[in-house]
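Here it is, the structure, as structure tokens.
When the chains are written out, they are named A, B, C, D and E in that same order, and each has its own residue count from 1.
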Amino acid sequence: SAQESIYAPNLSYRTGPFAATGIPLMNGQRDYIMMLNERDGGVNGVKIDFDECETGYSTEKGVECYEKTKSKAVVTQPWSTGITLQVLPKTNVDKIPILAPGYGFSPMSDGKVFQWAFNPPASYWDGASMMLNYISEGDLDSLKGKKVALLHLDHPFGKEPIPLFETLAEKHGFEFLPIPVGLKEMQNQSSQWLQVRREKPDFVLMWGWGAMNAGAITEAIKTRYPMDQFIGIWWSGHDGDLQAVGEKGKGYKSISWSVPMNDAPVMADVKKYVVDAGNSLLDKPEDMDTVFYQRGLLISMILVEGIRAAQNEFDTKVVTAEQLRWGLENLKIDDARIAELGMTGMVAPFSTSCADHTGHSGAWMLEWDGTKFVPASDMLTADQSVIKPLEAAKAAEYATANAPWPVNEDCKM
Amino acid sequence: MNQPSIQADIQAGVRADDGIEKGGLLLQVDNISLSFGGVKAISNISFDVKKGEIRAIIGPNGAGKTSMLNVINGFYHPQEGKITFRGKERISMRPHEAVGQGIARTFQNVALFKGMSTLDNIMTGRSELMKKNMFWQMLWHGPALSEEVEHRTRVEDIIDFLEIQHIRRTPVGNLPYGLQKRVELGRALAMEPSLLLLDEPMAGMNLEEKEDMSRFIIEVNQQFGTTIALIEHDMGVVMDLSDRIVVLDYGKKIADGAPEEVRNNQDVIDAYLGVPH
Amino acid sequence: MTQAPTPTNETKAAGSILSVNNIEVIYDHVILVLKGVSLNVEKGGIVALLGANGAGKTTTLKAISNLLHAERGEVTKGTILFEGNEVQSLSPNELVRRGCIQVMEGRRCFGHLTIEDNLLAGSYTRRDGNAAIKRDLELVYEYFPRLRERRSSQAGYTSGGEQQMTAIGRALMSKPKMILLDEPSMGLAPQLQEEIFEIVRKLNEQEGVSFLLAEQNTNIALRYATYGYILESGRIVLDGVAADLRENEDVKEFYLGVGGEGRRSFRDVKHYKRRKRWLA
Amino acid sequence: MLYRITGQFKTNYRSDYALFPVRQDMFLLAVILFFAWVVFPLMASEFAFQTLLIPVLIYALAALGLNILTGYAGQLSLGTGAFMGVGAYACYKLVTIFPDLNLMLAIGFSGLFSAAIGLAFGLPSLRIKGFYLAIATLAAQFFLVWLFEKWSWLYNYNASGAIQVPTIDMFGITVSGPTASSMVQYYFVLFIVSVITILAINITRGRIGRMWKAVRDMDIAAELVGINLLRAKLIAFGVSSYIVGVSGALFVFLWRGAAEPNLFDIPLSFRILFIAIIGGLGSILGNFLGAILIIALPVILNIIPEAFGVEVDSSLLEHINIMIIGALIIAVLIIEPHGLARIWAVIREKLIIWPFPH
Amino acid sequence: MDVLHKILVAPFIDMAAAPDFLMQVLWEGLVSGVLYALIALGFVLIYKSSRIFNFAQGIMVVFAALTLVGLHEKGVPALLAVPLTLVVMFVLAVAIERVVLRPLVNQPDVILFMATIGITLFLIGFGEMIFGGENKVMITEQLMIPTGAYTFEPFGGFLLIEQKDLTAVVGAGILVLVLLVFLNRSKMGRAIRALGDDHQAALSVGISLSTIWVLVWFIAGIIALATGIVWGARAGVSFALEVIAFKALPVLMLGGLESVTGAIVGGLAIGVLEKLFEIYWGQPLMGGNTETWFAFVFALIILLFRPQGLFGEKIIERV
């Protein structure tokens, strides 16, 4: 019945210029919840009312969705850095948690300052650090004198890792070269790749989204940039982007905190309860076997685990937004839990706390083998000794710039 | 509504202080030549306009009459020659400067502001006479309103004079052609010019309307002393109204003089009239 | 509703090429301009449509050639027959193809095209080959030698009169059966005005082209026309054979400018309100 | 005869220049103002404030600015969004450099910056006309947005490149920032919008307004009746950009709370252009009608299915929404190219002569 | 001094130092230019024939490409999908003429411009509903467009020319020639130009607006398909492609709104110059990404000297 459900909306974008990357993610998120509702009757017997509010990746529409849903919702899943930034200050007042798995503002990790924001399991800075660890084989000093380019969307999302790269470049003596791609140039990046050809960076790291990914990979192939020196962030590891180039993209890598496991038990359940039952929005069942779809499942998993934790803690069925905040702050996704969820190998274990809203999980390199992404490394971890202080500094900066900003002083590190 | 006192009003407004006696030289056009690419629209033409007269310019189509007016009010810049207006010689000037000196005109292809009402069209003629700046305009109540009312009074007089009260608020774009011409005359009069240039003011009018128009022209000329230069193809009108006529033929001047002389000039008959009028 | 003496009302005389029956035209959904106009053009006739400014002459012509809807006007009542067929549902170009073309008021040349291209644009609907078109082009140049001189200038830069000639020539190029002429003499030198009407007569006699002309120069119009209608405020108030109209006292007074004692001088017009109207 | 105007004679020109010479218009306006100032604030929910009332007012103001330039002075501009950005960034810099500055003043000043830049980009308008000018305004659009992105001083060297509105109090009441109440923000916006609207009405009906319209309708003729084209156009650019700049500052400070550079990109400019054109070029009222249609309608369309308990796939709903808006734009243009304001005028005409059809 | 050196001298030293790279930059600029020119062509054609500034050209590109790929996905062989797509574009042209243009004949330019934005929105919604928002792969190989590359080694460096770029250049060239002949040599061409000057007068001399508009929009549809294929081959087919419409605008401004030649010359000039500027000035000195505005600012400067663009029709000013 209506009051026996938990309203968890998603600010989705299945339309607009970034729809291509949005759709598989949204499908995954939706199907996981559908599966739980079918298989288990929801979470601890309470169905989750999963609802999509379409934003088309527009910040304005996003805010409208936030306003529309905030009175009933237990969570806001903003799905764009722009929307995240916009609703961030409002959540303090509206007391509603933001869940932005693997995106948003990296300092959100600092739960003292960003009490209502969560970006588990890993932030962009984690991603950046892991990429550098990977290319330097764990020894960043070996990068000394090398040149690392960052091909990024000229947009808050793309600029996000720059502070970390700058810090590390200075510390370890490698040269850092940001190469911005304008929103209107995503389709035609020949200038950027001419720059790559001229500057001859030893590595090109990419913070790309939507049509930018495919554009970059095509140009990289054309410029004959060695694919094994070209690595994208997790949002640049979409099967659809690589299918266009197929074989020629072989060797391209993307760091990812999720690994596709087509034969994982959870996949079987989703297939059985949702896809085969005709309740999925997927075009064709094979689309289940993609990185983004399965990452979508994991994202919903994180939300559901938060709800579960809150239910247990507060001994209630229908949790409130504030209770969910506690849940998201006390996630314990260890190997055992992952196995129970039927997701072994799909995600690295992590846990959150009041001081750490990210969890800083590990991640893997996925490599394009010509037809699909396959894992190509052991689990990598980020260098928290650099990230933590930077997070604290930037979070404090944010809090002072936006004073008076409520800070949770009770929170111990 | 105020009783129209056109005479007093418009007369007061005429920038009459040019120190030129009636019959004195108001405008002198010397050896003007104008060509566009290969087309020689005007070649070496001189004539003058005396204060207070009605001067007609006639000639076959494409003779350069309109171009001549365009030269006089600064829209075209002749390659050669000079123009002396009210004793001041000028080389080249922007049209709005010519207006500032007291030259107003109407156009052959009606050039009204189509989206505006008759009243507003005529009021624009007074733009340069209104002085209150943007600040007052925004406040409106106070000096700007007073100024507006003062000029509105003048404009209403012109409207009464031209007998176009009934279309005061109509957008001019949809008015019949003849009325548009009348509004255009109103706009030119609102500028309180000392020289009024009329380009085919009666084209597209029937007899009755031509008579009305003639009446307005004569009245403006006689009662307010406005000097008028006019282009017209209706010989009846031209011969009846004008004091002197200059005849152009493909850029050249072929005759200049009183109506009777021109009427019987063989060159003019050959080039233009066809039959004696 | 109109009691005006319109003998042609509802007539579809065998010899008529165009007949307009009791049409009503509204602009912009609210402005009623024609209030029941009927007129008739005999095959091979020259009919003059006279009337003051704003009487609705242009509107009538546009209603016939179906150009109203581009100005947010519509015919709300009545019928228009060209060669016996209803034409209201035809597109303007179909009408031209059938032989009825309009010369619009105010010249309306294609400014960026040369004079020659303007003329050739008039032959758009013709299917009788380039040679015939070429011949007619020469003919137009013969009518208007000035145009030949200016054939390669952009029409937008030519003088008012030159544009008027171009507009008329352009219509001739379509080889029409019937021409709707809106103020053909406007802006033309006196000599040319006569010439235009001579051309009208010639086409009428030699090629059998019919004419409906809205003209302010009543004098000339009635000399060349066979029949005339007088339009006042959207109603036909008087019609008759041209020769009769010329003798009508009212027409003489208001349209021809000849009172009892011959032609009035424009200087002598007195400031008096003399707006006598037929429909008082 | 609801709208009987016969019998309302004006005995002098001064009363003819009253804001609303017709009594019924005055009454209607009073009703609207009563709703705007009293009824809506009392009834509106947080959602209504944030997604309907405040944005409609701000967008209407931006459209009003554009309308002065495009509808009155006839200079088509596609760069409105960027000028809103100038206002927003200027205001951000002002309040961060002078934290004690009254927000109302700060917003007033920020308009000056966008007016100055508007003047600079208006200079070419003397030579460049029509669509060429429209595309040229895109140069402003793209250059400015690029600058917002690259010039980190503008956003105080934030890592994200976005600006976040600080909490600002005025007379002890919080007017901006996350804790400001929607009702306060609404009144703040309503006040500024009302004042500017009145000033705009005044300026458009006087000498300057006529000069603009003359330039719009036929610029050669305008020059030949003595109007200095450059000055008239520059005033239009200045006034228009001022209003647009103010609306940009309101947009960020009183509504959105944060902004990233590409918020001010071309879609924003276009949305404002829609409002101005659908509402009616050369009309003040139209901007408000247009804003209601373009801003409020999609919001309402979005909640309709829900209100009826119909489950519609959100992306399908969005697709249909976009199609409806597109079709609506075309439909309004076909029914009345002069926009909603003219539709209202025609209705009013009909009411005046009612019950007669003509 | 240092600044001046960086602006005025250093870039040229860079150019001379690596001539093979310069050649590559020029070639890339040229190819981009051709792509811009293709979109601009669609605009020009419609503008010329009706003074409609057709904002929908961008979405028509997307629509055409999606239809082509969509049909192919449904199992239609590539070479049959092309004519079928053309049929769809024809139907679209007819629909636009019937529903939008015909009722708006003789309206002011802004209104028609606005209507095309309405069309754009409608097509975005409609297209996404039918084709979905996912990225699709252009069927380059199936269309028998070569995908290899030629490499050269000038000055001891290397220069890479992709065959599909070369195909695009050649294809665009042919398209332009055909268009030029059509516009300047045919009766239809004259009618199109007449229509652009005055809708009503054109109607009055019997030019059929409907026929011409359908024809012109159909040709614009063909151009859109061609554009969609070459752009799609570069970057995949998705709705993000729609923004490329903006790249055509400075080209139009520079070349002149109603000139086919202008579209080509403008496209090439902008393609090459913006690339040179970005590589040698923008990236080293201004933080890069200057391509978003360079073309506009450049065209604006040219317009100050020639308000109608390089090849546009002069605005007639006469009273």
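Following the convention adopted for this analysis, a contact is a pair of C-beta atoms (placed from the backbone, for glycine too) under 8 Å apart; a residue touches a chain by one contact, two chains touch by 3 or more.
No experiment lies behind these values; they were computed from the predicted model shown.
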Path length in steps (a step moves to a chain that is touched) from chain A to chain C:
2
Keeping to the contact definition above, tell me which chains border both chain A and chain B.
D, E
Which other chains touch chain A while also touching chain D?
E
Can you name the chain that lies farthest from chain D, using the mean of each chain's Cα atoms as its centre?
C
So what's the Cα centroid distance for chain C and chain E, whole Å?
45
Chain C to chain D, mean C-alpha position gap in Å, rounds to 47
Round to the nearest whole Å and give the separation of the Cα centres of chain B and chain D.
41
Using CA atom averages as chain centres, what separation in Å is found between chain D and chain E?
32
Residues of chain E that contact two or more other chains, please.
128, 133, 246, 287, 289, 292, 319
Got the chain C residues that touch at least 2 other chains?
31, 157
Two or more other chains touching the same residue: where does that happen in chain B?
66, 75, 107-109, 111
Pairs of chains in contact here are A-D, A-E, B-C, B-D, B-E, C-D, C-E, D-E
Residues of chain E touching chain B in the complex:
319
So in the complex, which bits of chain E are touching chain C?
105-106, 187, 190-191, 193-194, 196-211, 313, 316, 318
Sort out for me which residues of chain D touch chain C in the complex.
346, 349-350, 358
Residues of chain C touching chain B in their complex?
27, 31, 50-55, 58, 105-107, 146, 150, 153, 157-162, 164-165, 183, 186-194, 216-218, 254-257, 263-267, 269-271
Touching residues of chain B toward chain E in the complex: what are they?
66, 70, 75, 107-109, 111
